[in-house]
Each structure stands twice: as C-alpha cells, then as structure tokens.
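These notes are about the structure you will find just below.
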Amino acid sequence: MSIVLGANQYGKAETRVVRIYRDGPEHEIRDLNVSTSLRGEFAAAHLRGDQSGVLPTDTQKNTAYAYARAHGVAEIEAYALTLARHFVADIAPVRAARVDVDEYRWQRIAVDGAPHPHAFVRAGQEIRMASAIVEERAGEPAVWVLSGLRDLVVLKSTGSEFHGFLADRYTTLAETTDRVLATSVTARWRYDRPAADWGAIYPSVRQILLARFAAVHSLALQQTLWEMGRAVLEAHPQIAEIRLSAPNKHHFLVDLAPFGLENPGEVFHADDRPYGLIQCAVQRDDAPPAGAAWEPAASFA
Amino acid sequence: MSIVLGANQYGKAETRVVRIYRDGPEHEIRDLNVSTSLRGEFAAAHLRGDQSGVLPTDTQKNTAYAYARAHGVAEIEAYALTLARHFVADIAPVRAARVDVDEYRWQRIAVDGAPHPHAFVRAGQEIRMASAIVEERAGEPAVWVLSGLRDLVVLKSTGSEFHGFLADRYTTLAETTDRVLATSVTARWRYDRPAADWGAIYPSVRQILLARFAAVHSLALQQTLWEMGRAVLEAHPQIAEIRLSAPNKHHFLVDLAPFGLENPGEVFHADDRPYGLIQCAVQRDDAPPAGAAWEPAASFA
Amino acid sequence: MSIVLGANQYGKAETRVVRIYRDGPEHEIRDLNVSTSLRGEFAAAHLRGDQSGVLPTDTQKNTAYAYARAHGVAEIEAYALTLARHFVADIAPVRAARVDVDEYRWQRIAVDGAPHPHAFVRAGQEIRMASAIVEERAGEPAVWVLSGLRDLVVLKSTGSEFHGFLADRYTTLAETTDRVLATSVTARWRYDRPAADWGAIYPSVRQILLARFAAVHSLALQQTLWEMGRAVLEAHPQIAEIRLSAPNKHHFLVDLAPFGLENPGEVFHADDRPYGLIQCAVQRDDAPPAGAAWEPAASFA
Amino acid sequence: MSIVLGANQYGKAETRVVRIYRDGPEHEIRDLNVSTSLRGEFAAAHLRGDQSGVLPTDTQKNTAYAYARAHGVAEIEAYALTLARHFVADIAPVRAARVDVDEYRWQRIAVDGAPHPHAFVRAGQEIRMASAIVEERAGEPAVWVLSGLRDLVVLKSTGSEFHGFLADRYTTLAETTDRVLATSVTARWRYDRPAADWGAIYPSVRQILLARFAAVHSLALQQTLWEMGRAVLEAHPQIAEIRLSAPNKHHFLVDLAPFGLENPGEVFHADDRPYGLIQCAVQRDDAPPAGAAWEPAASFA
C-alpha cells in the first residue's frame, strides 16, 4: 500500500473581464466572469514543488484578457472554446482544459424614448453561463460545449397542485390543489457538437423555459421541470441534453383566523430555508456521450 | 456620575410578506420585506426585565401580515404609513414608529406574445424601498415618508472624464478624459407631506435617474449625482430632498502591451474593492425639517 | 425656492490593507479593511465638475497603505485617528474626516504544541472595529474615537424567559419561562477622549459582553443588553457610551408529537427571518457630547 | 430518436436542526444544516405528475428533526448515515439516498475562568461537514461516509516561494522566493468503511492540516496541499482518500516607492478576485472504489 496523487487540476477563477466594442457610435458591452482550469502532467508540482510544467494562474488570467482583445467575445461559448483549445493545443503539459464563463447582461438606457449609444443598465437578474471542455486525443481533441443560465426567478400564483403523494409515519403535509409555486431556475444544456448559433439559441431557450413554466398546469415541480426541458429539446435539435436544478421556494399561507380575517390565498410568508431541491436531466436517447462535460470543479469540494 | 439608558428601539426585521391580489383572472403580486421599529416607554424592559409595556416583535410580524390582508398593499408607502400610524395610535407606550419596506418587483411572463395572468419573472435588479416615520405629538402626529431604490446598476462606456483634481504627495492617479463610469445607485427621496401619487412617482424618478446618468457628460461622479438629484426635484415638486449614494465601481484598462496588443479602451478589469463612495443630498432651500427621517436603525451599529 | 446641494461626503471604501510586522523571527499581522470619508469644500465638484479641491479617492487609498508602513498599525484606533487627523490637517478643503477600520483577527497555528512564528489561522468569527472622526475647529480639531465588534454570535440554551408582555388583538405568542436565546452582537463604544489603552480595552470589553450574556438570567433581550452595556461602563471609566444592536435569532421548538415523540426543549428549528432587532445605548449622564460620532455614512442610503 | 428522462434526484435542502442535550447541568449543543437527497423510481412524478411514489420533501424535513430527537446527534457522520439508511430501507421507491450535514461549532463562554454550563459562543470560522451515501444493493446496501471541513482560513507571512514555472508569451509574473501564502481550505475525506471514531478523527485531521500548512516550506500551493493530504492519510489508516480545494488568495506587495518608502514585505493589498484555485486528491493505491461518493448535487447545476 502506498499513498498516491489522484485527480488534480488548477486554474484562475473569477477573472472579471469587461470587453467594450466601440467601433461605431453604438458601443456594445460583454461583462464576464471567467474561470479556467487545467488538467495534465502536474504531478511534479505536487510531489516535488517543481513548477517547470506549470503555467501560472496569473498567465491564465493574462490570456483571458488578451483573447478578449485579440479574438473578441462575440458569444461567450465561442470565447470559452477558443481559450480552452489554446491551453490544450499550445501548453505542452496540458491534457484537458475547462473554461467557465458567466455573463452579466446589460441593456441600453432609454433617453427620450431612444436607446442610448453608450449608457447601460443591468438587465434582469439571471446570469448567462457557458462552459467549454477540451480534452487532448490522438488526432482531434474531444470537445464539449455547454450553455446555461442561473438565477431565473419565477413564480406562479396559482395553477400548481401537490397531492396524492407517498406518506409515511413522518408525513404531516396537507394536500393542496392550489398553491404558490416559486423557484430560481438553474439550467445548463449540452450541444451535440461544438458549433451552433449560440447567440440565437440562448434567448430562445430562456423564453421556452419561461413560457413552459407559465403554461404547464403543475402537479409537481418535477413535472414542470420535465416539461420545460422537453420543450427545449423539441425546439433545438442541436441540444443533446439539458439539466435543470430548481429550489422549491416555499410560500406558506399565513393563518389570519386569530385576527378575524379569512385568507383565501392572498397573504403568504416567503420562507428562506429549508427548501425543496428538485433536479433532473432531460436528454435524447441517441445523445453523444457526455464525457467530462458535467464533472464540475466542485467535485473537489 | 451614573450610568443611564440612552436611545433605544426594538422591532421585527425582515418579515417576508407576499400579497397576491386574485380578484379577477389577472393576479397581481406585492413581494415585500417589512421591518418595523418602535420607540417609546421601554425603559422598564431594559432596567428591570418588565415586559408589561412591550408589544412582542412577534405581534409586530402578525400585524404586518394582517394589515397586508385587511388594508392591502396598493403602494408600499401607503402600507408602511398605515402600519406606522397604527403602532403610534393604538399601542400606548409607543411614542414613535418606523416602518421600512423593500419591494421585489415582478413582471408577467409572456406566452405566445401575451402577458400571462398568473405567472411572473423577477423584474430587474433594483429594489424599491419605502419608509414611514410617525412621531406622537400633541394634536396630530408628525409624519415623514421616504421612497427609494437600491441596486440600480448602471455603466457608461464613455462620456466620463476625471482630471484637474487636487494632488498631494500620495497622489499617483493619472488624469483621464475618457473612462468607464459604473455604479450601483442607492437613492432615497423625502416628500414634503405624507401623501402623493407614489405609484406614478416611483417609475418617473427611476427613469429620470437613468436618463440623467446617461445624458450628463461626467466630469466627476459627484457632478453626475448632483445632476441626477436636481432633475428629480425639478420634475417632482412634492419631493423635498433626495439623497444619493453611489460606489464608483472601478474598471481598470488592462495593459496588453506585453502581448503586442493595443488596448484603446476595449478590455477592462472590473475590480471589487476598494471602491470610491460618493454621497450627497440635493434639496429645496425651503424644505420642511427632516426630523428623524434620515436617522437609520443603523446608527446603533 | 431653489434647489441646493445639501450634506455630502466622499471617500474610498474597503481598502484591504494587510500589514506584516517581520522585525524578528516572530511575525505579527494586522489584516484590515479601511474606509475613509471626507467632508468639506466640495460643492464645486458637484455643481460644476470642478475637481480642483478634490483629493482623489485613489490618493486616499495610497495614503492608507503608506501610513500602514510609515506609522504602523499598533492598534486600529490609533491608525484610524492618525489617518483622519492627516486629512483634516493637511488637505486644505477637508473640514472633517471619518476613518472606519475593520480588523480580521488571526491566531498562531500550533505545531507540536508551540505557536508557529509565521503561520496563522483566522481567529473566531467576530470582527473588531474602530472609527475616528476629526472635525476642524478654531484651535484644536474636535476628535471622537469609537471601538467595537460585530458578528459575536452567542447562544444560551436556557436561562431565558419571556412573559408578561403587552398583548393586543394581533398577539398570539405564548409566554415562556424557558427558551433558547441567541443573537449576534454588534457593539460600539465611544471614548471620552481620543487616547486610551485600546489594545487592552478591546479584549476586556469582549469578555465582559460574553460573561454578562452568560450570567444574566434573561427576562428579555432588552434587559440582557442593558446589563452587558452597564458592566462595560462600570469596568472602563474611559468609555462614555456603548451602543448595542442584537438580532433575536429565533429558535422554535419543533412539534414532534405527530411522531409520538416528546420534545422537552431538545430539538429546535433555527429560523433565518424575520428576527427581532433590539437596540440600545448605555451611557454616562455626564458623557461629553457625541457630535458626529454616531452619524454613519449609511445615513445617505 | 426520442426525448427521455435522465438522472434525477430530489430532497430537502438546508433544514436547520439545533439539538440541545440537557440531561445534566452541562448542556451540549449540535447546530446543524441538513440536506437530504433521494434517487429512485421517480419517473412517474416527472412524466405524469404522479406523486404516488414521492415522499414529500416536507416529510424529509420532519424526519431530520425526529431522528435528531429519537436517535440523537452524537456525531454528524452517524446521524447522516442513520438518516440515509432509513430512506433506502424504509421508503420503497428510494434506491439511493445522500445526506449532507454542516455543523456550526460552539464553545462554552468562560465566566470567571470557568466554562459556563449553558452559554456558548460560536467557535472559529470553519464548518465541519459530513456526508453519507447509501445505495440499495442485493443483500447489504453500499455505503460511503465522508467527513470534511471548509472555510479554514490560513496564512503564512513567509516560507513560500514561487519560481521556475513554465512561461509562454502571456507570462508576465515575476518569480519570487518570499511571498505571502493565504488560502481558505476545503477538505473532504472518505473512509474505507462506514464506521470510525468520527469524533476523534475530526480534530486530529484539522490539526494535521494546520500543522502541515505551517511547517511545509512551500514551493507551490500544489505541493503544500499534497503534503497536507499525505500527512492525513499517514496518520489515519481508516481514511481512503482526501480531496483538497484551496483558493490562492493573492496578497500583492504595494509599491510605496512613489511615496519615498521601501516596502520590504510589510504592506500588502489583499485582493478578492481573481484567485488561483488548486485542487487535488490524495489517496491510497488500494482504496476501495469511490462509487457515488464524490458525485455532488452540484452536477445538476
């Protein structure tokens, strides 16, 4: 028996890259949070403190900035993919690279009804996400691209039931045919190949998720998530799989009877914790293998 | 010399009241975070543990819920004011009450182009705020009402300069005639009397703040704030004073020269800390006295 | 009637200064978060964008670093006071300066039972605070110094009652003679003059607050806070006033009867929101005037 | 081709269980944040909204409370394991259960030098963690137990170098033989069987991690982590594997030369973002398979 180094990776997390396009009078902005992570021949750094194969995380940060200038950030998926390909292709000890990008979205401020050319206000709450994973292979590298969003906070004030559930000796929950359903959607979807019209797909998926959340009469958050995911796959053949994670943000009807008041679904307490947490994948049965696509950095923590 | 009890107050903070209006097919939602704070004859509770004059904070929470049902939440200013008046008028030991309300705003989800009657998505980032302060007086109580917003995150990619400043031996900052100006606006405004068309004034003030931020060619964040505040007072005679607080969220141009790249205002590092913090009040010279309006609970911490 | 500039201030917030003392084999560390705020003749910056009297916030940051080197950080109160005096004395347009410092505290890591000379682990949760406020006056400037702490999280599993309180039509709370009492103490104390043995007073006050929280049989959090504050003033004649702010972090006994289990004060749900918020000042009746000491930057927001 | 349901799970997250042991005059406290997650035959809930196999998350919460009373919380690993075994053994559709528990640790307040029997102050910053994963198998279920900690914030003011690294065209970092090394350690370790003296192992591992961080002369954070992990495995034969995740919290030497000051490693700027992120596993070469132990809920998000 001996003690050995297992899986390992390193990188630069949360580089806050802001890219302004100012070629004409109308500026554009890409506001990013970029994390890079490398795997490869890094045992010597761990075992002996030998850095000769280690590209500094500071260099990874510099590269994120330089690529934002030299290659641009047309869409975050393309930017992430270009960065990940570079690390695998150009840095000898690197066997695999993962680049995760969050994008904070801005909209133009309206002045006298017209969109301003260079003044912006943060748009909405949700954060757009992209990830590119590149692994060295004989011949061409293997590549996965993910898009996603998080913090898409939605609520239905009716059209949600929850009953007929399994009960055991610890079950006290009352059945209901009318409840508030609220959640904060995290969704990530995987493409079947590393090229797509990312810029058009993102708003389409976002709108499908919202519209299905609204339109599905919910018998459970599980069912709502399935219907949301299925609609995305039906609309976008390039998407091989979508994963959804949704806290059930409970709204409890307040008992106003002690104060002589009825409460017919009008006054609720929005609770913080605990919350239900519902998670599922919806996929094509002929989807290409996911490989390392869903293996997050978080598996180390 | 002796040791005495000084200023004191108590209340229930952050009651999460959600009020659904469901009288017709189109539901409305008010999503609130309510904090109440009472001052008055509470020395016995401190000095002797005698609670006979202390209305429990649990009761204050119940009252917030019951009033949301019985009196409704047409606008948060009115709701806050009704609650604050109640505590002063109806609870004998209470000499003054302050009610602070945050509102999280929702918009209808669009399904097939039409707004859905009971499905919502969180709207924007900024939080609407209202405060009502009521103090017992001989005759009528004194009343102040504040409205406000926070987390209104804005950015200009040009149209901002900073030069000609005072320099001392610790000054190293370079002058600039073109920088990114970004901030997260907190604004609170005080009315000259406790009644106004709150529901119409809020979006108007929000739009004026945005439009002035966009349109003013900025020589300093101080100047931009003054112009934003002045425009609000010019448009709304009922507003006696507005206070603005704005972190200067620094965006530093990245030096790409080591990589053989120019950087003509295109790639920036968005830094977290430290940040400038600029704060000012803009007011009418005949504004009624502010009294306790700006005295936050925070003065105890 | 005209629109005028009211109170205003500006500064650099949250400069993260880490000062290492490495004169001998045993290093010392001061880990600080420094915020400076200036008031004075800054109307031209607001009204006309004229920066000629404005010392950049970047310079204030530089000054915080340079003073940490040149003057050291023996105690944060002294460091804050030296910085604040400098701004008022040396920068012509400055009429008043406020410097707030948070200190994150570290303890030495023990290796084989001995404290290590240069390796540290963060100590405890609470944050030590200091503030110095200096105002220009004819002759000598006026000076206030505050010390404090926050995030001192404490809990008593018994020895706390709550009954005999005022009830109205919205009161449903049951009386109790045995409850969990938990809070996160924020305390700030003001000295009667700008010089004291800050380094000795801080741990003494901290210990008095803890010991009184533990030893006082509580009839209300109000009473506990009063007793904590009074004991501090009794022990430290240099302290003119102490202000305490304490959320009542509710622990609700869980009803286990549906599962055939008694719950004699053993299993609780720790709730997040809402919480009670109890705040009071304890002071000497001959305390010198507080002036601007308690006027936080927060009054602008 | 058709669209199918993929991996899915659901549960109750962040139930805040506080368990007081009050059998004698000296109370004990266990302050927990409990998350449960179930996998199994839940397709009908997704595909048809049929809840007949779904144990409500509310019931899972109730079970967490009831088990804290009936079975106690001697150590969080045992508590998590008992809960996870229950869900798999007693709830028919459940094929696998994961229970994650955070523990916030308290120490007794000292009064007159003696530990108080029922008054506590939160101890340290780090959070103790445990996870139990149980999977149904023919015969006995498969079981994994993890222990861990996070937010263990450490700093060395010297004894850390970084040089000899790989450089490419984007490398600008200077080599150094003396830098500040600071991080916030997250560590999780997996046992080779589901029974151990958890209560004794936790403080031992914590101390080993601290002592190795202090004593290892660091040539890279990678090397420090490897040495920390290796020492844990050498001391504890029951531990099959440890995974470490550590942000490199950069401290930048401030250039004080413009102010006529040297800065020989004394004044630093502690930066927030970006940060390096170093992660590795250290394991025995004959460790039993990890199975689902490291597969976090986060893989859905």
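The chains carry the letters A, B, C and D, assigned in the order they are written, with residues numbered from 1 in each.
Quick note on the criterion: a contact is a pair of C-beta atoms (placed from the backbone, for glycine too) under 8 Å apart; a residue touches a chain by one contact, two chains touch by 3 or more.
Being a predicted model, the structure only gives us computed values, none of them experimental.
Trainee: At the place where copies chain A and chain D touch, is the share of residue numbers found on both sides over half (same) or under half (different)?
Mentor: same
Trainee: Report which of A-B and B-C is connected by more C-beta pairs in contact.
Mentor: B-C
Trainee: Quick check: how many Å separate the C-alpha centres of chain A and chain C?
Mentor: About 38 Å separates the centre of chain A from that of chain C.
Trainee: Approximately how many whole Å separate the CA-defined centres of chain B and chain C?
Mentor: Going by mean C-alpha positions, chain B sits 23 Å from chain C.
Trainee: Using mean CA coordinates as chain centres, what's the chain A-chain B distance in Å?
Mentor: Taking the mean C-alpha position of each chain, the two centres sit 31 Å apart.
Trainee: Residues of chain C that touch two or more other chains: which are they?
Mentor: Residue numbers touching two or more other chains: 15-16, 62, 66, 170, 172, 258-259, 272-273.
Trainee: Can you list the residues on chain D that touch chain A in the complex?
Mentor: Chain D reaches chain A through residues 1-16, 35, 37, 42, 45-59, 61-63, 66, 90-91, 93, 150, 162-168, 170-173, 186, 188, 218-220, 222-223, 225-226, 230, 233-234, 241, 243-245, 247-248, 273-286, 294-301.
Trainee: Within the complex, which stretch of chain B touches chain A?
Mentor: The touching residues are 15-22, 27, 29, 31, 62, 65-66, 68-70, 106, 109-112, 116, 118-125, 152-159, 180, 207, 210-211, 213-215, 251, 254, 256, 258-259, 261, 263-272.
Trainee: Which stretch or stretches of chain B touch chain D in the complex?
Mentor: 169-170, 172, 258-259, 272-273
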